[in-house]
Every structure is written in structure tokens, then in C-alpha cells.
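The following block contains the structure, expressed as C-alpha cells.
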Amino acid sequence: MLNLLLSGVTQGLIWAILALGVYLSYRILDVADLTCEGCITLGASVAAMLIWKEVNPVLGVVIAFLAGCLAGIITGILQTKLKIPPILAGILTMISLYSINIHIMSLATGASGTANLSLLNFKNGTIFAPLSDLLGLNKTMTALILGIVIVVLIIAVMYWFFGTEIGSAIRATGTNEKMCRAQGINTDTTKIIGLALSNGLIATSGALLCQYQGYSDVNMGVGSIVIGLASIIIGEAIFMKAKNFAVKLSGIIVGSVLYRVVVTFVIASGMPSTDLKLMTAVIVIVALVLTSFAGKFKKKGAKTNA
Amino acid sequence: MLELIDVKKTFNPGTINAKKALCGVDLHLNPGDFVTIIGGNGAGKSTTLNAIAGVWKIDSGKIKIDGIDVSKLPEHKRAKYLGRVFQDPMTGTAATMEIQENLAIAARRGDHRTLRWGITAKERKEYRELLAMLDLGLEDRMTSKVGLLSGGQRQALTLLMATLKQPKILLLDEHTAALDPKTAAKVLEISDMLIAENNLTAMMVTHNMRDAIAHGNRLIMMNAGKVIFDVSGEEKKKLTVDDLIQKFSQNSGDMLSDRALLS
Amino acid sequence: MKLFKRLTAIALAAILACSCMMMASCEQANNKLPIVCGETGMNDVAGVATYGVNYYSLGVKAGDMAADILLNGADVSTMSVQMDPNPTLTINETVAAEIGFTIPEAVKAKATAAGANTVTRVESAIVESGADFTVGILQLVQHVALDQSNKGFQDQLSVRMAEAGKTVTILDENASNEQSNNVTIAENFVAQKVDLIYTIATSSSQAAAAATEESKIPVLFNAVTDPVGAGLVASMEVPGGNVSGVSDINPVAQQVSLISELLETTDVKIGFLYTSAEANSKYQVDLGIAECEAKGYEYVEKGIGDINDIQAAFTALLAEGVDAIYIPTDNTLANGIATVHSVNMGE
């Protein structure tokens, strides 16, 4: 029971980084960016390839983050400079990344068309192994601690960044582009920066994920956007009253962890395996309904008070 | 301060929806001019303001602000010179952000935005004093989201944002049209106050002829994408609504049917 | 005038002779060869016949391995990776007709006789709870072939359990093609302390291998083409860890022998056409060459760099005088398989 919970929490924390990235595009920039599904694989492929090349795994994660930023910049340029509708721009980058990810993984093996890169023989090259030795803990606990540290760090940096002049401008862009341009903000630039950071986080999540699950696979991004959105919606349902930005971001983490824990227990409950997708949808719908009901209730309460 | 030289703009050129919006607008504003602009629907009033703001590129002509040719500059670069308030109270502010955050963004109009903290303690103090001047109680709600404010409060805030960093020209695009009469009067009062206090050059588009006569030192009337009437000084002070209606009918046959102008 | 006529006659004769020679040389280049592809999809386009793996019998094989581990305490680290003992022969009469090749009756008979040998599941051996053993099944996605691997495994395991008078609880999970679920399901099995994990498809197997690093719960995989490349086992013969299983790699040896059956002689020269850079292709070609050496076939190999080399490599193989061509499961050639066929057709 405890092991199940720990496993769910740990995975949830790694996915939370992706959820924060999705939050950045979906909520802060108000753009539905589908680059996500290709980008998590990009992060995984870059990190896995660098581990094959015996690069320090911490540096590998940083490079994966930068690769993700680059993907975000490309989506941003497609959207702003080439005026391609946001959803299509994201899809275009996502499908291009499919080929690019195979090329990246092929760099490691030297064989063209490598669609799956195993890290099972590179355990000591991952970020978890040396840390696990250092802390004297098992892989799940190590990942749990590392996950908490990284997530807290990212929230701190995001809290700072979105308080700065550039960060404020990005937030404003997501709310009201016309106002931004009237206030001298180049909304093309703010969107590109926002998408770069969003995808950088998503790739970081992929870079950690591949080391945790032992491989990178060209199809590993399938369904990731739903996981990100579900985490956001669940987090917002729970932290509905949150005003502080850092608390809101923490809500996403809680949402992601909760989502994964629920999936873990749904699987453990012995429900027919074919119903997993249906359960995923039900979890998200329940969270959505809870949010809207609670929202109505709150409004009614406010009216009676007035 | 502002020069429009033979400014032309056609929307959707080459299609059946082609519309000649500006047909050679010439206008020269002196520093400190407060011009009110009237005209029927589709006369080109708001289009002129949008041309100055750079919402889109003009087809021909020149726009100079304080001697600088801005015709080719994109909207966000021209923002350096301009303060703008829009008809829709939702347009001028970021609803999901705090009042003080909106002000802080406006305070950096035209500046290079950096990784410095978006709002300082000194600014907060300053904003509190400025908001107190509006007399709307906003100084005590600095951390409230702008989305919670009423239309009038948002327009007042937008005005403050537009003038926070002194603009070379203040563009008011029917900024009271969406407000109830009482609120509209209050917002106009604030506009007058801010323009006078900062000695601003301003342009105000309005549908209300009384407002057009009561405010500013100069009045222009537009029709079919052109300036058809331009009065200032003593002559303007003596204008009446009847004068304007008469003036308009001399230039445009369909003027009496234009209910908007008669409001 | 006479001279003119004579000249014309000479010229005509010369043209005729030339065109005859050209036609003859064309004929030479049009020497259409029977091809056997490692993968059935490729074979459908360019091959005359091939053996394809049967996922049900692979599942049965894995079920046997599982029973050996659970009932007899077999050590998974020394259980070599198994291949399909009973692959299915398919013939491609369309391509055969196009290249003017006659498939021998003996091969045709074999193809029609082929059919999966199913195992009758002993339902009583699989119980909901209180079983002697618990086995977790992690399948990547609902898919005909993978479902067969799952069924074959369960059927055979139930038979073996019944024979030994034991029962098993099967936790059958499917990641529904969402790889995040691979990890969740695998860690679930570990937390529930199952006795064995059976994984179907590469990524699911890798996730289970990673999840059992500490617990060392035995993992048996299926539908993994290249278990060594996937990092699941140290070698096909001696896996060396807690992971082994069955590979769905194409039965190269049978496929190579099939060429001799198709040509109805052991005096054959086989040309291997593959992409040099693809490790998995090279591995299959090595298996094929081993089979040639065992059976005494002549062979020659031609590696290509990319899809543009197909024509040149094909011509080179012709020049070497090969009787047939074997193409392994190869990503580059899979993309260029239509080119291979048109080159073979002399187009």
C-alpha cells in the first residue's frame, strides 16, 4: 500500500514538471500548445543519447531543457512570424519532432532509424544511480527526493521569473494582447519566450522520465498532453481559492501527484485493463465538474452575503 | 506634435469587401492641443486613431510624432510615444492581473523590459497616491484583480495607465461610449484632469456632440475618411450643437439620418 | 542506284543487329530473381515466400518458460532468449507471377498446411485469489499480434499449472499505448510482489526491467525483436539478469533454408541485401550466413548506405551471379522495398 503510494507520488512529481510546462502555455499564455507530445520525447531522447555518450546526466538534463526551449521557439515562430494558427503550429512541431527524435536516438546507436533507446545498461550513467548511492536509498525514494527538490526549485524560479518585468509582460500577453501592444510589449517575443520555457520544462520532465523508466521511446509522448491538462484541472479544483502564484503552481504539483496516485490505485484495483482510458477520462471529468460546481456554490454564497 | 500627411487606408483591397477608410487625412496638432473628433459611423474617426497607433500599416502618406516619422514602426514600438484608452473597458487592462501590476506594466511603456522585479516598493507608494487622486477607492484595492472592477473603474485605471508615463499624444477612442452617463461624466472629468495636469496633447473621439464642444480646445469633424471641419480657440468655444448639425449637413447629405451624431 | 540500295540494306541490317543486341542485353538486366524478405509486410511487396512469426506460439513458449521458473525454480539469468519454434509460411503468388517464378508444389503444400497449434486453456488453473502464484502481465497496447502473445502465454501457463496441480492468479494489465502507464503498471506489480512479470512489447519490457532493478522479480518478455539492443539481456544465450523471454525476430534460419526449397536445390548462391548501418540487420545477416555455412550454400553480402544505393547493390549482386536474394527486417530497405521490386522487374 505504502509502496504503491510512494510509486505514484514519485511518478507524479516527474510528470508535474511537464504539467508546469503545460500550465505555462495553457493557462499563462492562453495557448493550446500541442508541441508537448513531441517535446517530452525530445527531452528523453536528448538525455538518453547524452547518457550513451557518457555525458554527465545533470548536464544532460540541462541540454534537454535547452532542446525543449528550441522546440518551443520554433512553435513560437510558426505562430507569430508565420501566422500559423497555434494548434496547427504545435502539431507541426510535434510531428517534425517525431523524425528528429529518431535522428537523435540514432546518434547514440549509430544505426539509422533507432526508435527506442534503452538505458538499462547505462544505470550508472543516469542521474538517479549516483544519488541513490550517495543517499543510501532505493531508486523510488531517490527519485522522490530529487523530484521534490527539482519541483520546488522550478516553482521558485517560476515565481521569481513571472514577477520580473519580462515575466509580467508574458502574463499580460496571455490575458490581453491588445493592451500589451499598447503598452509597448512585443507580443511576438513574449509568446516565443513563454513557449520556449514551457517546452523547456516539458523536455526536462522527459529527460528525468527516461532515466526513471529505463528507456526513451519515440512514442512515449502519446497521451502526455492529457496528463498535463488533467493535472492542471485537478490542481485548480483543489486550490481553487489560491491567490498566490507559488501556491497555484504548488496546486499543479498536487494535481499531478494526485492524478498519478489515482491511476495507480485504479490499476491496482484490478479493473479490466481495457477500461484504463475510460477511467482517465472519468477522473478528468470529475475534477472539471467539481471545479464548476464549487465555483457556482462560491458565487451563490457571495450573492447571499451581498 | 503630430502630423498626418495625406494618410490613406483601404481595408480588404481588391475584394468585394474593399472599403476606403481613410481618403487622404491631413492633420497637424500643436503641443498641448486637445482635439475632439466627431463624425458619423464609418467616417474614419477611430480608424485615424488606429492609424496613428499603428494597429496596421497605412497604404500611403506619412505620420510624424514630434518630428519622428513613425509610419513604418510596428504598434508596440509606437507605444513609446502614445497613451491609449479604448472604447471597450476590457481592452485597456489585463483582467487577470492586479491593479498595481497593470500600472507597473504601463510605467514601463517604451522601456526595455528586463529581469528586474516587475514592481518596486517605491512604485507601490506612488501608485497609491495616483489612485487616490481618481477618488474611486482603488488605492485600497491595489492587489485586486482588474477583472473585478467595474467598467468605469477600468476606464479610469486605463487613463491613469496611459498617462503614467507621459505620452507625446493621448488617444481616447470613444472611451466613455460603453459607460452609463454618470460614470461617463466621471471618466471625462478624470480625462480633463489628467490632460490638464500633465499638459498633454490629446485626441478624443466621441459620439456625443455636447462632450465634443465642452472638452478640448479644438474640434474636427470627419466624413467619408476625410477631415471636413476643423475649428479651434474662441471660434470653437462659441460652437453649439445646432452649428455642428448644420455644418455637417452642408458637407454630407445623409447626415440627419445619422442618429449616432444626434445623440 | 544499286549502291544506294545496298547501303540501305547494310544500314538496316546493322540497325537490326544493334537492336537485337540491345534487346539481348536488356534481357540480361531483366534477370528477375526470387526474393525472400525477413518481414512479411516487405515480402508482400517484393518477396515470393517467407516465414512469419506466430505470436500465439511465441506466447506458448513464454508460458513454458514462466512455468519452468515458477514450478521448477529455473534461473531466469541462464534461460536463453527463445525464438518462434513454429513460424508460419506464407507465399506471395502475385510477385511470383510478376517475375515469372514458379513456386514448387512442395512449398505451396507446406503453406496451406500451416496453422497455429492452439493450446486448450485449463480454466480451473487460473483463479481470482488465493492462488499459489501471482503473475502480472504488462501489455503495451491492444493489438492483434500482442493479444495473441498474451493468450498463448495464459493458455500454456494454465496447462502447466494444472499438470503440476497448482493455481495462478493473473493480473492482466494493458498500458493502452500510454507509456506513462508502463511504469505505473510495472511498479504496481512490484509493490504487489507478484512472482513473475510477463511483458509484451519492447517499451513495456524495459519499464518492467527498470522497475524490478531492486526486487529482481523475474521478467519474461515477448514481442521484442532485439532484446540485446533494447538492453534487456546481456546476450541471447545468457541473459545474465532477472530478464529473459522470447523474441519475435524473424526466423532467419528457416527463411534462408526456404530459398533452397524454393529453388529445389541445395546448390544455391544467396545474396544478402541490407543496410550496413543498421545493427539489427547486420545481426540477421550474420544469422543467415551461419545458416548458409551450416547447409553449404554459397552466399555474398551487399550492404547499402542509403536508399539510393539499392539499384547499384542489386546490379552488383546480379553480377556476382546469385540465384536469389534475402533481405532482412531493415528500416531503410522497408522504406525502399517498392524500389527493390521495381529494380527486380527491370523498371
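A, B and C are the chain letters, set down in written order, and residue numbers restart from 1 in every chain.
In this text, a contact is a pair of C-beta atoms (placed from the backbone, for glycine too) under 8 Å apart; a residue touches a chain by one contact, two chains touch by 3 or more.
Treat the numbers as computed from the prediction; the structure is a model and nothing was measured.
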Maximum centroid distance from chain C, chain identifier (CA atoms): B
By mean Cα position, the chain sitting nearest the middle: A
By count of C-beta pairs in contact, the leading pair of chains: A-C
Chain A and chain B: spacing of chain centres that average the CA atoms, whole Å: 42
Rounded Å distance, chain A centre to chain C centre (Cα mean): 37
Distance from the mean Cα position of chain C to that of chain B, given in whole angstrom: 73
Residues on chain B engaged by chain A in the complex (per definition of touch): 53, 74-77, 79-80, 82, 84, 86, 90-97, 101-102, 104-106, 108-111, 113-119, 161
Residue ranges of chain A in contact with chain B within the complex: 161, 163-169, 171-172, 174-176, 178-187
Chain A partner contacts - residues on chain C that touch it in the complex: 139, 142, 171-185, 187-188, 190-192, 202-203, 206-207, 209-210, 213-214, 229-232, 275, 277-280, 331-332
Complex contacts: residues of chain A adjacent to chain C: 3-4, 7-8, 11, 15, 109-113, 116, 118-123, 138-140, 212-215, 217, 219-220, 222-224, 227, 260, 263-264, 267-268, 270, 273-274, 276-277
